[in-house]
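The two complexes that follow have chain A in common; it is paired with chain B in the first and with chain C in the second.
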Partner chain A sequence: MEDYSAFGRTVTIDIRGQVCPASLLVTLRKINEIKDDIQKNGARLEVLTDNRDSVGTISEAAFNMGYDVGTEKRDGGYMMVISAAG
Partner chain B sequence: MDAPTLSIIAAGVLIGGVAGFVMHRADFCVASAFRDLFLFRKGFMLRILLLLVISAMLLFDCARHFGWLAFYPFPLAGAISPANFIGGALFGIGMVLAGGCVFGTLYRSGAGNFPAMLAVVGLVIGSGLYAELHTTWSAFARSFVLYPGKSTLPQILSIDPTWLVGPVAAISGVVLYRWARAGLMVKSTAVEGYIQPWAAGLILALLGVVSWMVSGMPMGITTSYAKGAAMIESSLAPAHYSSLAYFRTTPLDIVLPSGLSLCGGPGATLDGISLVQFPLILGVVAGSFISAVSIREFHFRLRIPPAQLAAALLGGIVMGLASRMAPGCNVWHVMGGLPIFSVPGILFTAGLIPGAWIGGRVMTRII
Partner chain C sequence: MSENEDIGRLRKENESLLGRVEAVEARNRVLIRYIREKSDHLLGIMQCSAGSSESLDDDALVSLDPIGTITDSFTQVVDNLHSMNERLWTEIAERSRVEAALRENEERLQDFFDSALDLIQIIDTDGKFVSVNRAWREAMGYSWEEIATMSFFDVLAPASQEHCQSCFARVLSDSDIGRVEFELLAKDGRHITVEGHVNTRLEDGKVVAARSIFRDITDRKVFEQNLINAEKLESIGVLAGGIAHDFNNLLTAILGNISLAIEHVPESGDARSNLDQAENAALRARDLTQQLLTFSKGGAPIRRTTSIEDVIRESARFALRGSNVRCDFEFPENLLPVEIDAGQFSQVIHNLVCNADQAMPGGGSMTIRAENFSLPPDHGLPMKASRCVRIAVQDQGTGISADRVKRIFDPFFTTRKEGSGLGLAVCYSVVKQHEGALTVESTPGKGTTFYIHLPASDAGKPQLSAADAISASPPKGRPRRVLVMDDEEMVRKVAMEVLATIGYETEGVGDGAAAIESYARAINEGKPFDVVLMDLTIPGGMGGKEAVLKVLELEPAACVIVSSGYSNDPVMADYHAFGFSGVIAKPYRIKDLRELLGRILPGGTGVGELPA
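Presenting the complex of A and B:
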């Protein structure tokens, strides 16, 4: 699901139901895959998860890599938005 | 049903219920504690586990001094042998593949997680597989038993447990205090209804001592998985079932202060094991279910990458097999054994470390 908006595209991954540590590994892999796009073109990565632990670990990992992370509850799970800092 | 029987069932459901609720809210994952040390160089959950073990150590020793523990060490604390370490190592591999330990897969099942349910099925299969190997394996374990008749370090050293509990708790207390001061014992997260893992750890330590006082033992559930396998096998293949010596063993044989006699083993009958463990299992699933539903986080989803489903089932099988080989699971050995310096507990936990390392390597390759 890729949506090209004026502000840069949004890439969404749905990892609901997945086990640990797959949730984090899949997300990190996706971040690395599109990191240039996030940093240069204002792309955003949306991560949809229902793994409570992953909400903390993914936020922490992305934050430590220098990204901004926003989290909100959606459809009984959590939507995390990872974008370029600042 | 008499009052002692009813009260032990009620206590099991209640203890399990609180444990399941709290573990779901804190996402209290013992598998990640060992795995993430290698995979992500994160020691957070191991620090929390240390807090749990030290708290349980103090609670157990106080309860012992007050005379609240009818049995010390607890029954089935086990013989010391290399089987404890080998079982722990295999268990470590299994819990990482399954994405959760025996309690982890249960509370996640309660919240509707499909891979966790497959892991529980795997646990039953693995426990059943063990019955096929029991004669060979137990002969091996028996031939290497160290200090026959003894399970704990204080027993081997012939000292009062408090002589060990005191210094170990004091040193660990200082370390934990420093970690807490440095902010290393809390986790920041945006999830709803979060219970900090340190609080969950303290509650689990408390539940451990309550379980010991009520049922004569700390929390343990894996013999029930062997019993589940026995029940299935005895109805599908009765002749084969009766040929397996493992299902005729009855390692549990105690009489509680209430006068209630608890005898039993993995066989396909309702006995002392099912009386203590079935309510606990039911409680954990129910507690986690209530927790998940109350914050609208109960999900059942079938669309999971097949590699993860396979890993969960296989991990469950390996854990089931390992928990019979050790014998005992991580909850039994880490939350029950370590706090009383049980040598099988120490060997099992030592085994978890290389096991989790191997499991982590396998896991990163198949995802």
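Presenting the complex of A and C:
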């Protein structure tokens, strides 16, 4: 697992139990909220989801918006980490 | 207001309110439908269509604010696209710059490759050409289209095939083969000698190509060969110069004794025939010595105005003895005189006639034609005079191919196994030393013509004609006296005997001091010498060059002949300037001596008799 300690704060949202489009909209709204911090490498967003389709949709949307997205399996679901593009 | 009125009013108001609520709800439904439509559209764009997911309920539609959220996200997508676009433009610009630099670099390398004077080639592991530069194509005469289908072994001369195969095998095993030298065969058949280095291109540790840079060293090879030839010639010259004196002294004794023996045996008979053959052999030995001496330093011809016709006829006849080739002569009556060294010049005719003879192994006829000739102003020949005598020696032989014609005057160039390669080189050298020019025209299969151009002499009639030479009149009256000075006893002895045979009274001395003493004593005794025959060089004693001056002090009108085996000595060529009246090169025959004495003694016929 990558070391994210270089980032400032970590914001985590738990959207387990939600599916698209709600899961996407919740994530996007959070990204929009803290986008300045993420872009300046001052924050990263962790998204916990248990919906496989959501991982693809969220990843693509975040990538199109110019962010790096890393995903790993965790506790029967997925942990996505959205951060500024390297 | 009554209660009923109130109720009625409230009901009305209620109804009106319900109507308004319905209207608002209806509007809300329209708005939510609008929001849902737009949201679904936007989510479709975000590839999050309802098909694979749940639809948002009305509450979520309001609380999640999809339009606001997605619009905000789109702004970021657009910003991201902008920055990506910018990066791409920067990348494109950078790539264009790199491409231009690469192209420029490639052009520079190609230009370098093609402007190199060396022959550069790349071949694959089968020997097939991968690339060659312009110098290579121009030298070899092939276009790239032709080369593309060829292998290196197709352009190798047969002599280099084996060597190259073995080099190539070593190159493929990635061994360093150092400097190589091959002979290539150009499209037009020219042989090109190249030297250079070969190295290999490796991919994954395996040889995939062999790269060579060759330098055309054909001219250098020819130059080196010429240098070697020149050095050989110089060695021969030094050697010849060194032995010529001794050799000519020996030959003088041999020839003199043969001449004497000839006088003593009957003209018909086996002994006479044997002696004639011995004399011819000795004369050929003399000519060979002379031929070698031509190359030694200072081999200036001893030139005299001579009847060239006699020299030509005699030499050609001599060369063609026993041959089945007939020689026709064409000489005009008014042929201009020329100044030649008869010995050297007869060698030229001899060599040219021998060549013609050998070019017609089945027999045939050849022609020697002499004519007065005026060279045009732009004649291009290496000679100054324009008024000349041109001698054409023409055969109907096999002819000489164009590439050989260029080299036939090179020393040691020969096409015959037994040839020395000196014959034509000597001819060229002799004619050049006569300030003339020797050229050749040849058509393979038809024949060859050599042209000798000799500057015409301003002198009158030839001083010497071969026909004048022989006179058999026996001596009468007071015999003429000759003083013979030579350190070699055998030469002195034979010269005295030869002179005695033709009627002279002789006395012999070993060096200059003795000669002066004898000469002075003879004057005192009232029986002076008519002629002094002096050897030019006397090791450890006074030679002819010094002695002649002393003799001339005693008798300014003295007739002194210089004789030497060093026929290339400057004194021999310019004997008058040194005080001599005549010159005779060793070895000589009776008739040579007789001719000379006949020519230089007042009223002389060559025999030792004073005029009455």
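Definition applied: the second predicted complex is superposed on the first by the 79 of 86 C-alpha atoms of A that agree within 3 Å, B and C clash if a C-alpha of one lies under 4 Å from a C-alpha of the other, contacts with A are read in each partner's own complex, and residues count from 1 in each chain.
The definition used in the following text is that contacts are C-beta pairs under 8 Å (C-beta built on N, C-alpha and C of every residue); 3 or more make two chains touch, one makes a residue touch a chain.
These numbers were taken from a predicted model, which means no experiment stands behind them.
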Label the relationship between chain B and chain C on chain A in the superposed model as either fit or clash.
clash
Under the stated touch criterion, which partner chain does A:Asn64 make contact with: chain B (first), chain C (second), both, or neither?
second
Using the touch definition from the top, say if A:Leu25 reaches chain B (first), chain C (second), both or neither.
both
Taking the superposition on A as described, I'd like to know which of chain B and chain C A:Gly17 touches: first, second, both or neither.
first
Compare chain B and chain C by how many residues of chain A each one touches, and report the one with more.
B
Between chain B (first) and chain C (second), which, if any, makes contact with A:Asp50: first, second, both or neither?
first
Of the partners chain B and chain C, which touch A:Lys35 in the superposed model: first, second, both, neither?
second
Residues on chain A lying within both footprints (that of chain B and that of chain C)
19-22, 24-26, 53, 57, 60-61
In the complex formed with chain C, which residues of chain A make contact?
19-22, 24-26, 28-29, 31-32, 35, 53, 57, 60-61, 64-66
Spell out the residues on chain B that touch chain A in their complex, using ranges where they run on.
24-25, 27, 29, 31-32, 35-36, 39-40, 98-100, 113-116, 187-192, 194, 296-299, 301-305, 308, 311-312, 360, 363-364, 367
Which part of chain A faces chain B closely enough to touch in the complex?
16-22, 24-26, 50-53, 55-57, 59-61, 71-73, 76-78
For the chain C and chain A complex, residues of the former touching the latter
39, 43, 46-48, 50, 52-54, 56, 60, 64-66, 69-70, 72-73, 76-77, 79-80, 83-84
